[in-house]
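Here it is, the structure in full.
Should a chain be cited, it is by its letter among A, B, C and D, assigned in written order, with residues numbered from 1 in that chain.
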Amino acid sequence: MTDPLVRDALRAFVAEREWAQFHTPENLAKSISIEAAELLECFQWNADADTDAVKEELADVLTYCLLLADRLGVDPDQIVLDKLELTRTKYPADRARGRSTKYDAL
Amino acid sequence: MTDPLVRDALRAFVAEREWAQFHTPENLAKSISIEAAELLECFQWNADADTDAVKEELADVLTYCLLLADRLGVDPDQIVLDKLELTRTKYPADRARGRSTKYDAL
Amino acid sequence: MTDPLVRDALRAFVAEREWAQFHTPENLAKSISIEAAELLECFQWNADADTDAVKEELADVLTYCLLLADRLGVDPDQIVLDKLELTRTKYPADRARGRSTKYDAL
Amino acid sequence: MTDPLVRDALRAFVAEREWAQFHTPENLAKSISIEAAELLECFQWNADADTDAVKEELADVLTYCLLLADRLGVDPDQIVLDKLELTRTKYPADRARGRSTKYDAL
């Protein structure tokens, strides 16, 4: 179960600023893509990146993910575990071991 | 604190398939962007989207975020809380209330 | 056929700065995603955006697209026309008219 | 000047399918990000990618870029050249030569 501490801290933060009005699922989805690209930018020209910058950008992506999960009324940990079960069947360990091949080409 | 249950389930899943070799920080950052766009695709032509599809795509983004956090040796909840403190100073409640304006234009 | 003027201007610009070394196809693909998100950011919280900002960000996406096309030795106009023919068969006008449905659900 | 052939081919294609209604600047911006990520996916786990797949995904990004340029009433070649002049001042050749450093750290 996701720690309610972070969820509650985010709710309070958003409420204080009356920002919930902007947090439609679509706007949150756009925000996740925007922040994901800022994370990617740490690696734009090379594989090594400044670790502090990576952590900060990752935090931004996670923040919007948690806001969207809350908006949808789902537990982020639970949907990750649910999806893992689906992925388990798409990528049986004996076939997928050591291979980055997409499931439809396994 | 993030629930170790999900982190451990992901570690086991990756280990069974010998996939850690592909999970460089850069590849994980690319994956987060790729999945973020699949989430965005639920809203490509309209603001309303199939909720089950949104949950599944959000789960994919979160999964890669958790993998990257683990790879960097950070607690996802902690970096979100740390970043929230930074954002608190950039967006003082009295100035930011009800406004979606970026901090450098507040 | 794409106007060689722009292609040549970009080649000269890159050569002057000895930047071709950074322009691997992968780095250019990352750059296209990064710039695409900066374009998307113009619309982060609303459907209306500052037109000048949109034009500038669109120019950045196009620039990296043209650099990648050149790197791959393809004519950008030609690959667009080639893809259009493929899309024509996936979305026959009589079935696709007025519908944003993806081809596999038509 | 951009070849009107491609612009006109796209206009005809969109008109036949009555798709202009979906092509708001925001939806086109979302589409560009979505296609950019499909291009990035060619490189998800490695630096080498299937060239045909890369060309096809690049064509999709370019297509939406051209649709957006047309929607905004701008010539794609012209905005690229205009932006190049701006970038020229941000990255003077003598300072930027051989360096991938962002302009604010030059």
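Criterion: a contact is a pair of C-beta atoms (placed from the backbone, for glycine too) under 8 Å apart; a residue touches a chain by one contact, two chains touch by 3 or more.
Which protein is which chain? UniProt says A, B, C, D = NTP pyrophosphatase (Non-canonical NTP hydrolase).
Model, not experiment: these values are computed from the prediction.
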Neighbouring chains common to subunit A and subunit B, by label: C, D
Repeat of the A-B interface, chosen from C-D, B-C or A-D (over half of contact pairs identical by residue number): C-D
Distance from the mean Cα position of subunit C to that of subunit A, given in whole angstrom: 26
Centre distance in Å when subunit C and subunit D are each reduced to the mean of their C-alpha atoms: 2
Contacts with two or more other chains, residues of subunit B listed in rising order: 22, 30, 33, 36-37, 40, 43-45, 100
Contact graph of the chains (line, ring, star, complete, other): complete
Interface residues, subunit D side, partner subunit C - complex: 1-3, 5-6, 9-10, 13, 16-19, 21-22, 24-26, 29-30, 32-33, 36-37, 39-40, 42-43, 47, 49, 51, 54-56, 58-63, 65-66, 68-69, 72, 74, 76-77, 79-84, 86-88, 91, 93, 96-98, 100
Touching residues on subunit D, where the partner in the complex is subunit B: 22, 27, 30-31, 33-34, 36-38, 40-41, 43-45
Subunit A contact footprint on subunit D (complex, rising order): 30, 33, 44-46, 100
